[in-house]
């Protein structure tokens, strides 16, 4: 029994329009390496056009990789067409067959495999119960709401007991409240059936909520793979730090490096940060990121020695937090989020106040790129 | 904002036009019951004798049979080719799509005489005998654009990835077409078939060149126009054909409408 | 790639069919136009004689020109009659307009031959119109002027074309954003001014389309002239038909057909030009 559900080795996908000259190829996916474990809820996350949907389609078999291999349950999929792969897809637009009832839609995959009618009926019934649409069997897709159609699409895929379920931004067409409810339901469902889910979304909050592990992609390249906490707390690149949550970015010159800690200077003020990516030498430039909620803001006299000076430019009150936009003496900007835990936290600083911002070294990490 | 008088002026114009358009048809139908061998006023009395005599005319019944078989044959072929073409056009991108659509649409504007004459030449060169089937081959060319149009209109109303969804669930591509795409198109397929049938059944210009010794109904009718005594029979036949044509067209249009998703316009 | 295979199987059959039974015959016709004759050894000689004969025969040119003129007139009249019809339907009938339009289309789906035949019966000297007028005492003798003339051909063809021509005009008028008319009124236009300045220009693409789609097939008309045209009403299409069915001079007939095809191509080219100018007007 293998632990790997899906494996991509050096997968590249190039779309050429025949008229382009050599070297004008569009890399939809570039040299992707990925191992998805059995029973995982794995998410491909990235902005539009980053290649996440293409990667999903490569796993499903609707596209063939230009280079590299794809394995599903350790079986090579190189010559296997989509209808023979042990995967099923939930499409973004649901793609329910309009001329069939809900029950017939769900039974479609079973009918193709010539499952006996009695068994078909039983499995369809179970599948519909699983998605809480038990008495909708006789309805037509056009009679259902968006949320209900989405569940039918889910049931239609799950009834075939695939090794992997692929979901292509299935919640995109739902309104916010319904989407949030469905996120939890999907997560619970996945735990219940134990099938590996490969989920595609551009919504980083959705990814953080639902996933066991996330792969962040941009421009066809997988930038970082990790569980939500790792990605959030220890982003490896500027893109990931910026795409997931919010980040402040600073440029600094390295003074010394020891035991994973870097002494550096921002402008002429000293700071300490953690080593994230790369092997910076003394005298080199690095960039590092700090999350706004991890930054501290204090009047200059009450700050520790290692802090950056600046002036408060904007104060934005958003109920739970106060956001301070600070223009640092070094010329860079910092956003600091301070939670308002009690009334005394309100209005600590005004526009124009001189302040210093600082952080714990483990909350600041150097980045690549 | 329009003055009342201009509204009723438009209405008068419209209904006058409709009256003029339908007048020949209605006059023919009325006079098919006329108890006289001449098509003149006044109406001389009601009779069904001409319809009775129609059934006795062997040649005419032969022509009807020829036209029906020809119509069915060419419509089946035209609808099938149209379905294949429509699926290719709506689901795939390929070089030459524009060229194909343009060539397929050309028979709509090219004078039928040229189509008839060019096929006459080709059949002669190649050695194909002139017959109803020869005319049928031509009829497919002229009805194909209609079939393409009707079926394409229906297909574009559905999401493009239904075939993919079927394949994801285990069907082969052709299996997906059979189980999903074709069933979805079925109202359009029937509508296209009916329209193609009507076109073939009524067609005279091309058929006159290609039928050889197997006259279709329009060709037969034309040949009878020289005989004044046969006039009432021709009129009765004309009346039947017109009524049947109108019913078929209405049926086809109704099918096309009910088959449309509510989000589409006609 | 599997896609390529599927596309081939899908587009292949209809494309092949059109190639074999539409394009190929045209090509063979071109080849035929160079043949010296129909029989025996003449079949294998290629010559330009047919073209020479065609180009030097003024009768052929005149007939072609006259037929084009007739076709032009018919299309023009059809457009003029169809425009008010379409306008009325689009602007004054509301939700029923498509049904009412369909009503005008239904007769066109009955046999073309039969309707012309019906007109022949109505207009002929022993026909309905004459007998009606006689019965009513309006005239004393049957008048044959209505039948077997160029006028009869034109009346009959206009009758056939008006509903067809109304369709693209209808579509073009429907597409006009009503807000534009409201804006025109807001800026001071009287109703007829708004029509001339806004509605008419915007509907021109449909008018042009209708005009050309009527004129081009009418060029090749031979059935209507055959039935109601008589000697004066003969058109170019009858000439071609004659070459193929009676004179049995197919090479000559091919040349004639190609000449007509050239005019058709010219008209189609004109149409694409005029259509793009109209697009400019639409802005």
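The letters A, B and C name the chains in turn, as written, and every chain counts its residues from 1.
The criterion applied here is as follows: a contact is a pair of C-beta atoms (placed from the backbone, for glycine too) under 8 Å apart; a residue touches a chain by one contact, two chains touch by 3 or more.
Worth saying up front: this structure is predicted, and the values here are computed from it rather than measured.
J.: Taking all protein C-alpha atoms shown, work out their mean, then name the chain whose own C-alpha mean is nearest to it.
T.: Minimum centroid-to-centroid distance belongs to B.
J.: Could you tell me which chain lies farthest from chain A when each chain's centre is the average position of its Cα atoms?
T.: Comparing chain centres, C lies farthest from chain A.
J.: May I ask which two chains are joined by the most contacting C-beta pairs?
T.: Looking at every pair of chains, the most contacts join B-C.
J.: Please tell me the distance, in whole Å, between the geometric centres of chain A and chain C computed from their C-alpha atoms.
T.: 62
J.: Where the CA atoms of chain B average out and where those of chain C average out, how many Å apart are those spots?
T.: Whole-Å distance between the two chain centres: 18.
J.: Mind checking the centre-to-centre distance between chain A and chain B? Centres are C-alpha means, answer in whole Å.
T.: Whole-Å distance between the two chain centres: 56.
J.: Mind pulling the chain B residues that touch 2 or more other chains?
T.: Not one residue of chain B touches more than one other chain, so the list is empty.
J.: At least two partner chains per residue is the criterion; list those residues in chain C.
T.: Within chain C, the residues that touch at least two other chains are 2.
J.: Listing for chain A: what residues touch at least two other chains?
T.: Residue numbers touching two or more other chains: 81.
J.: Which residues, counting only chain B, touch chain A once they are in their complex?
T.: Residue positions touching the partner: 158-159, 161-162, 164-172, 175, 179-180, 183-184, 261.
J.: Provide the residue numbers of chain A that touch chain B in the complex, in ascending order.
T.: Against chain B, the touching part of chain A is residues 60, 62, 81-84, 87-89, 91, 93, 95-99, 108-109, 112-113, 142, 156-157, 160.
J.: Write out the stretch or stretches of chain B touching chain C in their complex.
T.: By the definition above, chain B touches chain C via 1-2, 7, 10-11, 13-14, 17-18, 20-25, 27-28, 31, 38-42, 80-82, 84-85, 87-89, 92, 94, 96, 100, 103-104, 106-115, 117-122, 124-125, 137-138, 140-141, 144, 148, 173, 198, 201-205, 209, 218, 221-222, 225, 234-235, 238, 241-242, 245-246, 249-250, 253, 266.
J.: Mind listing the chain C positions that touch chain B in their complex?
T.: 2-3, 6-7, 9-11, 13-15, 17-18, 21-26, 28-29, 32, 81, 84-85, 87-89, 91-92, 98, 100, 102-104, 106-107, 109-115, 117-119, 121-122, 126-128, 131-132, 134-135, 159, 162-163, 185, 191, 212-213, 216-223, 227, 237, 240-241, 244-245, 250, 253-254, 257, 260-261, 264, 268
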